[in-house]
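Multiple structures follow.
Two complexes, one shared chain (subunit A), two partners (subunit B, subunit C).
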Partner chain A sequence: MSLRELKVCLLGDTGVGKSSIVWRFVEDNFDPNINPTIGASFMSKTVQYQNELHKFLIWDTAGQERFRALAPMYYRGSAAAIIVYDITKEDSFQTLKNWVKELRQHGPPNIVVAIAGNKCDLSDAREVLEKDAKDYADSIHAIFVETSAKNAININEVFIQISQRIPVLDAEGSSVRGFKLRRQPAESTRERSCC
Partner chain B sequence: MPVELAGARPRSFVILPQAFRGRFRKVRGVLNVLATPERRILRQIIELAQDKGSYFGCLVQDYVSFVQENKNCQSSSQDLLKTLRQFMTQMKAYLIQSSEINPPIESYIPEDQIDAVLEKAMHKCVLKPLYGSVQSALHEFQVASGSLEKLQENLALAKTKKPRELGANAARPPDSHAIHRIRRKLTAMCRMYSPERKIVVLLKVCKLIYSIMQDHTVRLFGADDFLPMLTYVLVQCDMPQLDTEIMYMMELIDPPQLTRRSAYGAMSLIKNFQEEQAALVLSSTTRDTLHQWHQRRTMLKDLPSVDDFQNFLRVALRTPDSGCTAKTLQVRPYATTEEVCRLCALKFHVSDPENYGLFLFTDDSSQQLTADTHPQWIKAELHSRPNPPSFHFVYRRTQT
Partner chain C sequence: MPSHPEGILESSDPTSEENPRTQDHQPDLQKLHIQSSETDSGKASQDSALDNGHDDSGEFVVTMLARSKVEEQGMGTKDASSPLSETGTPLGPPSHRNEDVTADSWRQHRKHVFVLSEAGKPIYSRYGSEEALSSTMGVMMALVSFVQSGDNTIRSVYSDEHTVVFTQRGPLVLVSVSSSRQSEQQLRQELLYVYNQIVSMLTQASITRIFEHKKNYDLRRLLAGSEKILDGLLNLVDSDPSILLSAVHCLPLASSLRDSLSQILQKSITPNLVFSILIAKNQLLTIVQEKTVIEDARLEPSDLHLLLNLIGASSAFQAGEIWTPICLPSFNPDCYFYAYISYLDPPECTVCLVLLSTDKEAFYSVAECKRKIEEAMQTQNALNSIAKAHLYSVSQVGVSDLRHFMYKPFDVPDNHRQLTQFTSPEMEAPYSSEEERMRLLDLYRDMHSRIHSTSRPLKLIYHVAERETLLAWVTSKFELYTCFSPLVTKTCAINAITKLLRWIKKEEDRLFIRYPPKYSTTPNPSKSSKSDAH
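Showing the complex of A and B:
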């Protein structure tokens, strides 16, 4: 089975639950008192998708304004971006739209965009209608799911859908060989590096 | 990987005649094969970091220019250093998980050494190019907060005092020649970008001071004799920049590296700065940092915290007339309460030790420890509980 590395970055307003989504996905855990991310955090998880192994290399960026300028570093080389908003905060949905614009302008041309409306367990305090968000996602051809990192709802689905949308490899594609110890010249490392 | 390295830095060969180049390449190739796996990995990571065509290189380069351009967007020295620390930690995780280093690092070096090598590589790739801007940003913060001015005042005041007045009355202080030597070492330390190398210098300075104290005397000095002397020496050196230096070391040293013996010793020493008079040569922000730092470090359960430092025990003396004074005593893990009591009597100058005992105070209770118990074991047991209670060892009269 071939192993493929997929770089994914999370973007979105501060406090919407980006790190919690990653934690739920990677560690299947939830911490209500998680600290705000500084800069960006890295985590990875390998899952099987059809006859491939997909190794998600995840950059979880900080939502705080002071780290805003760091985000391009991480999305530039990404195969997919998960933009997260909080369904109980209208503002965070507006921020999401700005992220989409920025990705369209400065992101990689074929980046897969997924929109995650997090905290769907708090539907009593909902400010963003599911239909509105879904319509918006459709209009930009993005994946859309409402998630709850707290109750483990739809977290894996986001990543499964990303796997589905990633273009299949051609013969010369960027698959990472499974056999680790084999040497290879540096040139091929460079080619492969940006997904 | 000789092939890769030969062409990696062609600039260095520009002035050489064409004929020599091939030979040099061969020599380099041979040297490279001879290099230790650690050096090879280091070199490989550093070259990757310089290659903007790689994802890793792109991140490193972008980050370095981001910090250089935006150093003022951070609100404090700590924020700046924490962001740096976080970046290095996450990049190490990335290097281990991704396949950018190929063959993978674990095929070169044993797993328990990987982190130390990666840490070193990050220092070279990130801290080295940024050192100048980070230093100047830290200095600006120090000026802007007014702490530099305050420190200079404190230092000027302390400089007029004799060693005895700073509490360093037990041993002979270093002479001006030795102070000069120490100052030179510390100045060299300020130019180093690696927090670990800085710590090594700090430890060497401490060792030097200690050996001067120990000269011409048979008495063994403990932590409570040493720290005031360190204060005296630092005052004489008159280097207010040590404040930011300490912060740099504390914030950038990687937690796993703390378990290494040298860092461990230095950190317990730095921690003591705050508790003893050396505090006067550090600004209050640094002292707050020390406090937070200590809390952060103790939150990481699997790491030994400085308080667990096995050979030290902090004991408070309580007397009816003078309230509380505390001393950090050197207490071996196997020392009994009886031995600790004897040491306390000596250190606190108690003339009637038969009327004193060692007590353990926890949140809501206190109890006298019997002569055959081991205070360090008790401390270790308390620390290992899931929610360690706050506790103090108190040396006081058995009947009040």
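Showing the complex of A and C:
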């Protein structure tokens, strides 16, 4: 079975649950008192997808403003970006739109974008309608799911959908690291898979 | 060597999205008066929480100055959610952020620390939310600028119960309000640590640039989520003598083991890697420096304290491998290193590896060094040996009546290039409770301030206290603080110290890093000089 390394970065406002999503995906664990990420945290997890093994190299970035300028270092060369917002915070959805803009301008051309509306267990305090977010995601051809890292809802699904969207390797291409993907001439998929 | 700080703040425009409501904290007295009488004019509802805090907490400083007790006025800022809070606030603020700043319990904290900008804008408060305290901080800034307007600098204010120490660093004003009876000098040093911890996150150059750009910038935007680190530092300052002694506490370790750990670090290098640091149980195991670095500069204890505090204060480092910019202010206040931080023994997370590089892009090659280090440690079963290392008991010294000591040598080999260190046994009974430990530290702090008094420095103090007898001694070769049982005689104490010094001499290879190791890497000038944030 072939192994592909896929670099994935998580972006989004501070406190929306990026680290909790990663923690749930990698360790299947949840800590309600998790500390804000400092800089960025690197983790990996390998999952089987069809007849391939996908090793996700995950960059969980800090959402705080002082680390904002470091983001390009992490999304550069990423095969996918998961942009997270908090369904109970309208502002975090606005921040998400700015991230989409930034990725469109400076990100790798065929990066797969996934939008995760986290904290869907707190639907009583909902500020962002699922339909609005879904429509927005569709308009930019992004993956969309509402997730709950706390209740383990849709966390694995995000990564499965990313696996599905990652372009199939061409015959001679044995991708060692995710960043090789951006060298693939994918002019036609560019419009579709990227924002 | 370290890269310039432009990177981190480049794309975040410090002037954008500024909250216009908080602009009216001007640093002079007149404005403050105006502000308090102005509240009805249109923006009353938005400012209500601020005003509630205003009367009461503003009086806090005044109260102390006037030495009078203010009656509670029952105006609650109990609801901590303030209209001034910005978007994207950190999750789950610790409970003392929500403290009622009008309550007696708030006033009774032993040591308050406030950080504000020159425009009087709150940046940090150890207890209570900054918003609720904005008028208190306004008063503080008023005091600073009032004295400044007479071409003078306010340094401290004393009352029966409190010492208020002011210090200004660039555009930041730091204030300590303490009933700990520490000396002004000590409190000022602690404030400097707070300043340096902020610099370690933002760099001095960035802070200066931000405030040059916009005088009333709200620096909390950039420090959001970092309050815990400052809280942790202040707890460390209170509970750990390292900062008082400006020295690093190493974990006692057989020198052969320490040497082999150093060798492992020395062998696992990559271009632009400058420091490799191994920490266990929040204490230093070993530190290896690049050769050229050790020749022009050394890592100061204070920088290492800030680094240790950063790692200890946040559990964020326990998940995955961290890559973050960090500035070491004593080394260079204007530049960032890039720190690779990873625990080697998850999930216990007691042994931590820190690799500092000047190359922002070096994560993967630095992470590779970690894998080499991990492998080499595994073959030597080093983690097991480290787990067995612990602080020693004072009973090992074999001197009866000796309860505790702190010893800071000056005569270590290669001293001028060496990290200043100290050694100290565990605090045991009768100093096993939190309170008793603090009481002993207070006694040490008092001895320290008297022996280092600027007006009348001393060499030796023999102090018979109520429940113990202390002896402090400073020579050209060491600084020593000892604590004995209360009934010890002077002769007895001096004999005990002779024995203690002999014991330390015998054990010094285990207690201290005697010969700091170095490695040389081939510098990679194309990468080390500049970093840009894309």
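A few remarks follow.
Here is the rule we go by: the second predicted complex is superposed on the first by the 173 of 195 C-alpha atoms of A that agree within 3 Å, B and C clash if a C-alpha of one lies under 4 Å from a C-alpha of the other, contacts with A are read in each partner's own complex, and residues count from 1 in each chain.
We take it that contacts are C-beta pairs under 8 Å (C-beta built on N, C-alpha and C of every residue); 3 or more make two chains touch, one makes a residue touch a chain.
Nothing here was measured: the structure is a model prediction, and the numbers come from that model.
By the document's definition of touching, of the two partners only subunit B reaches A:7; subunit C does not.
In the superposition on chain A, A:38 makes contact with both subunit B and subunit C.
Of the two partner chains, both subunit B and subunit C are touched by A:73. Within subunit A, the residues touching subunit B in one complex and subunit C in the other are 38-43, 66-67, 69-70, 72-73, 76. If you check the complex, the residues on subunit C that touch subunit A are 7-12, 87-92, 201-202, 221-226, 228, 310, 314-317, 319-325, 339, 360-361, 363, 367, 533-534.
Of all the residues in subunit B, the ones that touch subunit A in their complex are 1, 3-4, 48, 51, 53-56, 58-59, 62-63, 66, 70, 73-75, 79, 82-83, 86-87, 90-91, 93-94, 97-100, 102-104, 107. Residues 13-15, 19, 22-23, 26-27, 32-43, 58, 60, 62-70, 72-73, 76, 91-92, 95, 106 of subunit A touch subunit C in their complex. Taken together, the subunit A residues at the contact with subunit B in this complex read 5, 7, 38-44, 55, 57, 66-67, 69-70, 72-74, 76-77, 176, 180-186, 189-190, 192-194.
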